[in-house]
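Chain lettering (A, B, C and D) follows the sequence in which the chains are written, and residue indices restart at 1 in each chain.
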């Protein structure tokens, strides 16, 4: 199931080429997957308050076209596999003209906050994270 | 006593005017005051590990000239008053041509990490923070 | 005339105290004043495309209370004086509980993009920027 | 040929887990590859002033261990292939204890600033970019 999230590009997020700096998409994708979780009934903040952290294990972005200042971007997020020990999200960024700017994927894992040890996602959260 | 610290401007820190974004100087000044503390024998990290936080109470920057990509900046930091409940640092940023780019000041206070209540700086740190 | 703008705090915008880093408010205020301009019929992007830049001359923030991850902040922006050579905005940040987190002001000036010389704001824009 | 570059982790670069935010490594790697270029006699700034831009085509990071506030990181950069139309850099990040924190690779391409069209790297730069 795909979720869409809109983000307006900030001035400080563009570099001197006038393009959204490539590092910024990591922030956009994080915001977008937080909103897909919220949309499914999970606040990532609550997850952390429950003692579960979700560090990023890997990320991979491919850039086709530059985002620009003041663009109104649409990020499509897709949960790529049912989460067990890891959780994989896929992203596509479109600008206001419907042009595909880039694609990305990030793999996150679950960690117990108290001792930073990897854990499986507890059952009560899994129901929210079906594909 | 003034301390000098050098910082090379990163690509992503410049906006589409080609100038260092004004928000970035807050990061530069933070790095510079951390180094003045280190230079005086206090690691800010150790301070936090000892249970003392130093949130920023106020900041005030005046920009005369823009910093640019790849500039090698010199930040001069000055401890403006002996720290009690608060601690005031003053900054001047120069580029590699000796031009004054901006001035700033930040006021920080001391907070006990356990309950986030303001405290006086413990005596053992004060000796490091004479003017 | 005051304009309100909402911003959700991103994960990466919080530091290891769990608080919105003080530098980030410069980005929030920039986003908020861009939206007040858009609301009044001026796109800051169009202004730049017309050859007018608005660098920040000074900024001054006072922090009363920390913003936190996932907070839904309301930024109130106020144009403090009719723009001539400079343009002054005032800001107040509230969290979702209506608590005042901080206040700020930024002074911007107008610059001709072609030669980076200060100019007065052209008449056709002034009508949008009455107090 | 591998080049090493040291970076001290800034306070604002750490998130509320206390870890360097994953987006920040894109900045670290950019700084590191700029320094490898400088070391070989090319200033990336001069390259841009000569009308050549190097946008990022793709990036791929794998995180093994978290970087922390005040860590003194060593970034090893390696030019993976002789640049033609594209240019691939590989990175490894170590902390002050010699622990491997993550690996990364970024692929950049060359673009003519005037019309943003992809170009081959001009011959005069190639000699600096042998493996």
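As a convention for this text, a contact is a pair of C-beta atoms (placed from the backbone, for glycine too) under 8 Å apart; a residue touches a chain by one contact, two chains touch by 3 or more.
Keep in mind the model is a prediction, meaning the values are calculated, not measured.
Visitor: By residue number, over half of the contact pairs should agree; on that basis which option among A-D, A-B or C-D is the same interface as B-C?
Guide: Checking each pair in A-D, A-B or C-D, only one repeats B-C, namely A-D.
Visitor: Which chain has its C-alpha centroid at the greatest distance from the C-alpha centroid of chain B?
Guide: A
Visitor: Round to the nearest whole Å and give the separation of the Cα centres of chain C and chain D.
Guide: Inter-chain centre distance comes to 32 Å.
Visitor: Counting in whole Å, what is the centre-to-centre distance of chain A and chain C, each centre being its mean C-alpha position?
Guide: 27
Visitor: Which integer distance in Å separates the CA centroid of chain A from that of chain D?
Guide: 23
Visitor: Scan chain C for residues touching two or more other chains and write them down.
Guide: Counting only residues that touch two or more other chains, chain C contributes 11-12, 16-17, 21, 23, 26-27, 30, 69.
Visitor: Can you list the residues on chain C that touch chain A in the complex?
Guide: 8, 10-12, 26-27, 30-31, 34, 43-45, 69-70
Visitor: Would you pull the chain B residues touching chain A in the complex into a rising list?
Guide: 11-12, 14-18, 21, 23, 69
Visitor: Residue numbers of chain B touching chain C in their complex, please.
Guide: 16-17, 19, 21-24, 26-27, 30, 48, 53, 55-63, 66
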